[in-house]
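We call the chains A, B, C and D, going by the order they appear; numbering starts again at 1 in every chain.
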Amino acid sequence: MSTPHKPLVILRPDPHPGERIFRPDTLTRLHDRFTVVEPDTEEAFDRALPDAFAVVGQPDLPAERLARARELRALLNVEGNFFPNVDYDECFRRGIHVLGCGPAYAQAVAEYALGLALDLARGISREDRAFRAGRERYVSDGTADSVLLRGADVGLIGFGNLGRSLHPLLAPFRPTLRVYDPWLPPAVLREQGLVPASLDETLARSTFVFVLATVTDDSRHLLGERELALLPDGARLILVSRAPVVDFPALLARVAEGRLLAGIDVWPDEPVAADDPARDLEGLVLSAHRAGGIPDAFLSIGDLVVDDLTLLARGLPPARMQVAARELVGRYRNRPVL
Amino acid sequence: MSTPHKPLVILRPDPHPGERIFRPDTLTRLHDRFTVVEPDTEEAFDRALPDAFAVVGQPDLPAERLARARELRALLNVEGNFFPNVDYDECFRRGIHVLGCGPAYAQAVAEYALGLALDLARGISREDRAFRAGRERYVSDGTADSVLLRGADVGLIGFGNLGRSLHPLLAPFRPTLRVYDPWLPPAVLREQGLVPASLDETLARSTFVFVLATVTDDSRHLLGERELALLPDGARLILVSRAPVVDFPALLARVAEGRLLAGIDVWPDEPVAADDPARDLEGLVLSAHRAGGIPDAFLSIGDLVVDDLTLLARGLPPARMQVAARELVGRYRNRPVL
Amino acid sequence: MSTPHKPLVILRPDPHPGERIFRPDTLTRLHDRFTVVEPDTEEAFDRALPDAFAVVGQPDLPAERLARARELRALLNVEGNFFPNVDYDECFRRGIHVLGCGPAYAQAVAEYALGLALDLARGISREDRAFRAGRERYVSDGTADSVLLRGADVGLIGFGNLGRSLHPLLAPFRPTLRVYDPWLPPAVLREQGLVPASLDETLARSTFVFVLATVTDDSRHLLGERELALLPDGARLILVSRAPVVDFPALLARVAEGRLLAGIDVWPDEPVAADDPARDLEGLVLSAHRAGGIPDAFLSIGDLVVDDLTLLARGLPPARMQVAARELVGRYRNRPVL
Amino acid sequence: MSTPHKPLVILRPDPHPGERIFRPDTLTRLHDRFTVVEPDTEEAFDRALPDAFAVVGQPDLPAERLARARELRALLNVEGNFFPNVDYDECFRRGIHVLGCGPAYAQAVAEYALGLALDLARGISREDRAFRAGRERYVSDGTADSVLLRGADVGLIGFGNLGRSLHPLLAPFRPTLRVYDPWLPPAVLREQGLVPASLDETLARSTFVFVLATVTDDSRHLLGERELALLPDGARLILVSRAPVVDFPALLARVAEGRLLAGIDVWPDEPVAADDPARDLEGLVLSAHRAGGIPDAFLSIGDLVVDDLTLLARGLPPARMQVAARELVGRYRNRPVL
């Protein structure tokens, strides 16, 4: 099916329609260099598997199926989360690259997180609502709780793709950046001018806290009632990674008390219930899982995929997608994004 | 009245109450180093004037009054605009420093302008409103018009205090930054990695346009109907300097047509009329002159004042406030901020 | 031999004496967390191997030896080059991490490369020699060939560890940075503000060229006579990676003709012959393989090692050493550094 | 002599020949916009003076001559130092701009200073000499005293043009930057991420010290024997501003003792005596006043001049040359550069 010069790539990019992640010229590049099969049944998928050089997508790949994929060199996940429907151990044993598309979203999330932080710092959306209701307050009458980001104490909970993309955006504000990331040795942070800190210290000393951690068994409700109570009054919390990292009732209670302002992009249940009291909290900026999934981010997925497939076909290591770590890929507990 | 060691400073900081611009310890520093007089009548002011080393504030200072201020070395404007109630020519002839407090506001305005730009890029306040109304759209359903700031074409109209403060905040987004500033030679911009451009080119090629120009006879309605029509569809305009620079009816018409998104902090008449149609435009982020006047900015004015008074008393040039240019001080047409 | 809580680490750090790469407190950390064996014979090594969690060093590890190392999780190379005395394929099959200490040297090499570039730009060492000989020339008499790095056209040949460390040091000079690296897709470079370019274009358009490539079968004499002839007259070439990348006779001939200035840290044969004509070339800055091997770099190797061993023992992926790529580890042709 | 549209400019750029500071197209711009007179006698100068809009150069301008220069708006110094042959007080009274060309040299000096610092950090010129003498030492044999600039304690003595140009070049090394500048309030430094410090603290805590101060009555021998003794052993001192700031015998004694390494570009007497013992000190990098006067810097002077003349003729303030401060212009004690 494939020719020696055009390795076989199986394309199963759901939940994305192909045109969301591939620009026309990216698709052309893909087809120029690879034989592309888009199986619409499991049977068709199974027929293509023995010759497949790579699989783009996240179909079920248990051990027995992988055993038949004798030529498989790479699994390119374009959804954003690693689900347990693949025998990752077998992939690593076989030297099959397991690649994720997280980097495609990181800049979009970082820019959005900064936008939420500046909104919370200055009351932008709150005062826009007031203006529309004829209740606007001019100049100093409406800025009593406005604060600068310059020189602020800023905490990052987690320092992976998102943190590394956010860091340069924050740098010109010259903040003191404390980072809690139990997966990284302190020296990695110090070399970048960051202050490694415990979770408690990060929370207790930060005016702005960005929650950037992914969900594992260890990080579920990492920010519970006790931890949130460590935040200084008037702190701003930006949640753009995964909802289960935070105890939502505790978070919302603290916002309702006026002790915390929060920008929330991810929710325990999406869509959020119509009568969820969060909808009326003045101290929130409400956002419907919008931080990462923008056209430019989706379209960059296709570029990452084709660039890395091209490298792999040339016998080179991938350079754009995230290489899943053998030690971590089984720990994630993120759910599919609806 | 003053002693040789404690030069006399007349303090008339209106419209600010003194405690807005002086932290307690700043005030202590001021009184430690200077004899401070706060005249509450014009007569008291006139009595203090002959011995005054400096005047903090913007009282009427026509030629005849300046003539009596024989020891005057500096006029420190803490309002933010230079009004024509001072004989500036005489100040310059006498070598009296005319200093402005613009730098105190610049960081606050720059952070706010970036916040508005990110809001417009991603629909943060618009979607917050929708969420509160139960109309939120999840993930890609609500991000069709979302764009990145990274790599964007960005235009700056004016490159003074505000532009210089905004520039480093934009730098990590690696934009192409076109600047229109008729008061600066192109080389000044090029040396900082900026692209000098005409007004028309700046507008026609920018997805984001920051209007940072002050009002002079030349810049009134600098952005009229013709100029706004040059903007690409879907552009984002951020107005944080002075309303008269823009033709508001033309601006609002363009937003109403859905061709432009705008974040507006300054208005032709403040307060804005209750029935102003701008209040209902979905394409706006509405803001009530809130960009600069935040507590931290006000309090830094006092620091600027005391630091520069201290330098002047030591026979050194000022280093923190903005030195008014003889050529420009008479050109400004800004009105007092209510 | 090892206890459950203190995994066994075999330490064979030659060519380094242990104290060169381990600070006393680093060694204490190592011994606190691991059972450390330092075998002084091959037999002792073989006895320790079956229980070894990790090997620090680069002993011969053919397939049969690896087969006995049933617990082995990581091979931590502290020499800096990957030699073919290890069955890397088997390591990858087994999921044994193959880690290199390149990052320990990268900052030292980057700073040195910048130092050489500034020396070549301004004639620092040449004029120091002249001064000592009583031939110094003051002010403009000795600066006719001096050039700025600011705004210069700069080429990087290779963009791995060294390039990534050098890039931020060059950034404030606002150069146009062209990069030739056949292992990276252009987008990786563009995202960092770099200009991807062919080798010929990089050479033909650069005033400063940094040679940062490692040696493979493909890169031997990458810069031959034809390529060097592409450089503009007066160009400055900085060679800090590996000598075989450059055709030395062609390079030295070009310097002798006065068409090129070069800073050379690595040589085809080290030590260089006593009568090597390079020793007398005025257009050279001569350096004896000094760019990377400085005390601070050596000592950071120990930190990298202990930090990554600690992560691995906690079931986390390494974060400080360089993870060898399956595709590349067999391609390197670097020789041991004497 | 001049027409209304082409104001009269007197050009007396000595010690520079005109072609050193004006590119051909810069000269064309100058002649297009201005009537240019180049008087070759004092009489010719006096004849042109009454109509002169600006003087480029530093001719004697005592009060009586200024009195005849009724149209004079600007004095543009192209030598680099302000000498006492001008009645500056009268210039300030008259609102005549006094402009200096310091900014033209600042980048060149900053790059050179960094080059000297990296040379001292790594022994570049010292080991180049050794290599030429057949005494080179390979790898770790010659790097025992090599140190990184990354993370180093760095002191700046003076923070004017030179400091502001050097600062961004040092920033990517993430040093702790202590600054001693008695003309600046601490907040100006803190806002830029610098640590304001006393002279003694700056010296005692810095591994690298850049001497960037100009000469006034206060700064002569600012670094005397007592101050130099505060430096930690092994410190690196870079002197690129003015020799009288340092007590040279004390400096050279300390270098001779092996306690200090120094890069010296300016000398108490230039040319330096043939038998000056400095010529033989291994711990020095010797440089003959070469830091600023390079072709690119000279040629930028012409650009600064024509850009600012153009602004002034349009009724705008200058934007490129340094505006001399009334308080400081009489304090400088720099001598002409030979």
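Following the convention adopted for this analysis, a residue touches a chain if its C-beta (ideal position, glycine included) is under 8 Å from a C-beta of that chain, and two chains touch if they have at least 3 such contacts.
Owing to the predicted nature of the structure, the values given are computational and were not obtained by experimental measurement.
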| item | value |
| --- | --- |
| Chains touching both chain B and chain C | A, D |
| Identity of the chain that, by mean CA position, is farthest from chain D | A |
| Cα-superposition angle relating the copies chain B and chain A, to nearest 5° | 180 |
| Computed distance of Cα centres, chain D from chain C, in Å | 37 |
| Whole-Å gap between the CA centroids of chain A and chain D | 50 |
| Inter-centroid spacing, chain C versus chain A (mean Cα positions, whole Å) | 33 |
| Residues of chain B whose C-beta touches two or more other chains | none |
| Chain C residues touching chain A - in the complex, by the definition given at the top | 92-95, 183-185, 187-188, 303, 307-308, 310-311, 315-317, 319-320, 325-328 |
| Of all residues in chain C, those that touch chain D in their complex | 20, 107-108, 111-112, 114-116, 118-119, 121-125, 127-129, 131-132, 134, 136-140, 142-144, 146-150, 168-169, 171-173, 270-272, 274, 279-280, 284-290, 293-296, 298, 337-338 |
